[in-house]
Amino acid sequence: MTDAFWKTSLSAVEKNKILIRGYRVQDLMEHCSFGDVIYLTFTGDLPAGRQGQIIEMILTSSTDHSFLAPSIDATRFVASCGVPLQAAVAAGVIALGDHHGGAIEQCAKLLQDSVRAATTAMEVVRDFRRRKQRVPGVGHPWHTEDPRTIKLIAKAREWDIAGPHLQLAESIAAAVNLPLNIDGVISGIISDIGISWQYGRAFFILPRVVGLAAHTVEEITRERPFRAIDLKDVAYDGPPERDVPRR
Amino acid sequence: MTDAFWKTSLSAVEKNKILIRGYRVQDLMEHCSFGDVIYLTFTGDLPAGRQGQIIEMILTSSTDHSFLAPSIDATRFVASCGVPLQAAVAAGVIALGDHHGGAIEQCAKLLQDSVRAATTAMEVVRDFRRRKQRVPGVGHPWHTEDPRTIKLIAKAREWDIAGPHLQLAESIAAAVNLPLNIDGVISGIISDIGISWQYGRAFFILPRVVGLAAHTVEEITRERPFRAIDLKDVAYDGPPERDVPRR
Amino acid sequence: MTDAFWKTSLSAVEKNKILIRGYRVQDLMEHCSFGDVIYLTFTGDLPAGRQGQIIEMILTSSTDHSFLAPSIDATRFVASCGVPLQAAVAAGVIALGDHHGGAIEQCAKLLQDSVRAATTAMEVVRDFRRRKQRVPGVGHPWHTEDPRTIKLIAKAREWDIAGPHLQLAESIAAAVNLPLNIDGVISGIISDIGISWQYGRAFFILPRVVGLAAHTVEEITRERPFRAIDLKDVAYDGPPERDVPRR
Amino acid sequence: MTDAFWKTSLSAVEKNKILIRGYRVQDLMEHCSFGDVIYLTFTGDLPAGRQGQIIEMILTSSTDHSFLAPSIDATRFVASCGVPLQAAVAAGVIALGDHHGGAIEQCAKLLQDSVRAATTAMEVVRDFRRRKQRVPGVGHPWHTEDPRTIKLIAKAREWDIAGPHLQLAESIAAAVNLPLNIDGVISGIISDIGISWQYGRAFFILPRVVGLAAHTVEEITRERPFRAIDLKDVAYDGPPERDVPRR
């Protein structure tokens, strides 16, 4: 067993049988929502309460942010170049880095570490200030009252899902006098339902694939191939035209 | 309007407002499942019946197929190399090509074209035989009675979702005497609920991201960096060691 | 041997020894140019003449085409999102599809098949016209007298590298009264030096990685994170804001 | 100028003119090696000495490491799935992360920062030990006397390219009693020829694209689609088969 090249606790496949965390896939199809199955995959167990439902709500919050999202723009350019759907989608997925949804990972780790160590919001903020770093999960370039965060927080409360992690996130936001943003709220909620911070960005990647696929199809069906920018939007500030020196 | 560099009918973002196909994102979060939102994004309208539910069932069917899926193996190797989660997931997404889930696109196009043109299963099969090509959507290397296809077909019937496309897919499979596989069943169902074939592979990419993310986290947390194969599994059949000729 | 999971004729690695097509890597480093090694890798043998030199000339021709190339734009957006260098580069590489350098593959296959079958330029053109398809390798949206194609053709002639494939490409261009473009010229030359069409796009991917890496570093070092477009460049033509219907 | 959406000092394109750092592309094709052009692109100037030649030697050192490289394995799996060449190559490029060539970036930064600050090898080692981190650029799982590093160091000396950065790298290796590995040697040399650490991984990505392209073509032409592992290499240690609890 320990010598096998491939080892997993996630799934098992035999002839005519597929098990996800031990459950037969056809039973999950019959009795569970996709949100339940995500919870199962990431935690090892099916949810006892509305965790699957809040996961679906998180997914719905983040499918698309129009061209304001660099992931969408990147996929649009790639989709115009004559590539299969999954390749154009993958290019946009790569963009979901530290500055684009990736803060969910950093913020969820911070919340989970801090709650475990009983660190207060003031201590967290002081620590970031000392290292001259920005606290993750707060502030948004566009939305001052983000309808997504308002709805998620309201439902997490109503469904008794909100716990110490979301509480800490809100206290941190209050301490720096900035609104908790969508990354911060998602971080708080997934931490409160017991999901490891290492899965953090998956909650942004997954729904964004819906938007990336739709933008790919729209680019292919509505636009001409090889998306061409306008030369008037380009400024060159390198060396002027010159001759190659002869050696 | 027509001159704008970026054009879309999918979504709109203003300060504190995000519209998906015209609907406020917070309303979708409150009233719709993630399956409903996928249907909305890909067709332009919210489902009138259980289309969102069958979409969730399709997603649940395809999150993971263990190491038998090259997408999972590729992501495992990449995840071992010290890259962020979204990058490892993207590598696996790229693998979802013509031979790995991509048949959904080809098969859905075939079904939609054929139903529109009133082409029969026998005509479809004859046409493929004449071109010496394999009919997509039939046969599976592993499963003779795939529990996923059985469940999907049963529910599509029970919920009155099954229509002429799934019917044609089943007739084609019968004509070549092979079981309809998971690609074929998904193709039939998404066609029957009115989704364009161009979105076909999205129904495989989307759920597989769940599995790819989970395998990435498992690789990072349970395995050593830089996944190393065993030299005994390698055979070299190129030229023997030789000297560079002097010119 | 035949049972090994991994089989290759390309390279072999033992302790303190790396063989590329049988040659010790340190000998290749000492005696060969990078162009020679590319020729060796793709054909199995070191060049007898100036094939390595014309390959370097091809590479130099295609490192960058500024923001007029969607690959560069895509990588710029991705690079702004906080991802490692190789991830931003990979996003641009994905863009090098059928409409962006990918024609080298199609065109080289056409030339190699046609020369093998002794098909004439007129027959090639007639065949494409009959299928109402565009001949690959001719015409360019920007350059009427592309300095890269002029230089490549001149040197291929001067060095006696030009042969029947480049000749056929030029005849096809003459027959449709369009200039042979950079894809067409590269296709002709790599075919004349004996490289299989299946490697075609590699001659564009490889040099473009230089440009993609440089644009990534420039984006990271000169621009602010999360490249933001201007809302005035966006036009939304989807449904107006509306209420989710209650079911 | 400052308001343009796209800004660059790297290249400029006009009708029938392409400038790379100010030089006409056709002049670079005529008078420079590909190594020279890489040096030009990354530093802004053409090399005065043999910098282009040592760059070509670095590239030749790292095109392929057979299946011992996870990048090659990942691309092999992806290539078997029916995707275009550039997509399979991109999947392997993504793998070139912190544990797979990425150390060049970390090591070059360390060398450049340390030489600038006149930090000694002993101080560098002490600092890493204090932080309980591994020094980058030393030790190799396979090669105790790596033929690539021996050749690179010898030529860098012979050509008077070796300077304080390579010297520091060697002193660090001596201080920890491990051989300087290929990442460490490349880091030292590119630093000594004046290339910023931020381009570090490009010197591994670039040549590896040659190997990734060749392995993609070999997989497609010699192997069956959908690379299938052997079930005996899989060990599942998750929960046993179980029923979905009814709620």
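Note that the chains are named A, B, C and D in the order they appear, and that numbering of residues resets to 1 at the start of each chain.
Note that a residue touches a chain if its C-beta (ideal position, glycine included) is under 8 Å from a C-beta of that chain, and two chains touch if they have at least 3 such contacts.
The structure presented is a predicted model; accordingly, all values stated were derived computationally and were not measured.
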item	value
Copy-to-copy rotation for chain A and chain D - C-alpha atoms, rounded to a multiple of 5°	180
Interface numbering overlap (same over half, different under half) for chain C and chain D	same
Pair of chains joined by more contacts [C-beta pairs], B-D or A-B	A-B
Centroid distance [mean C-alpha coordinates] between chain D and chain A, Å	28
Rounded Å distance, chain A centre to chain B centre (Cα mean)	20
Distance from the mean Cα position of chain D to that of chain B, given in whole angstrom	33
Contacts with 2+ other chains: residues of chain C	5-12, 17, 24, 28, 30, 32, 66-68, 73, 83-84, 86-87, 90-91, 94-98, 102, 229, 233-234, 236
Chain D contact footprint on chain B (complex, rising order)	66-68, 70-71, 73-75, 77-78, 80-83, 87-88, 90-91, 94-100, 102, 141, 225-229, 231, 233-234, 236
Residue numbers on chain C that touch chain B, as the complex places them	1-2, 4-12, 17, 19, 21-24, 27-28, 30-32, 44, 46, 83-84, 86-87, 90, 94, 229, 233-246
Sites on chain D touched by chain C in the complex	5-13, 15-18, 20, 24-26, 28-30, 32-35, 37-38, 41-42, 56-57, 59-61, 63-68, 73, 76, 84-87, 89-91, 93-98, 101-102, 105, 142-148, 150-152, 155, 196, 198-202, 205-207, 209-211, 213-215, 217-218, 220-223, 229-230
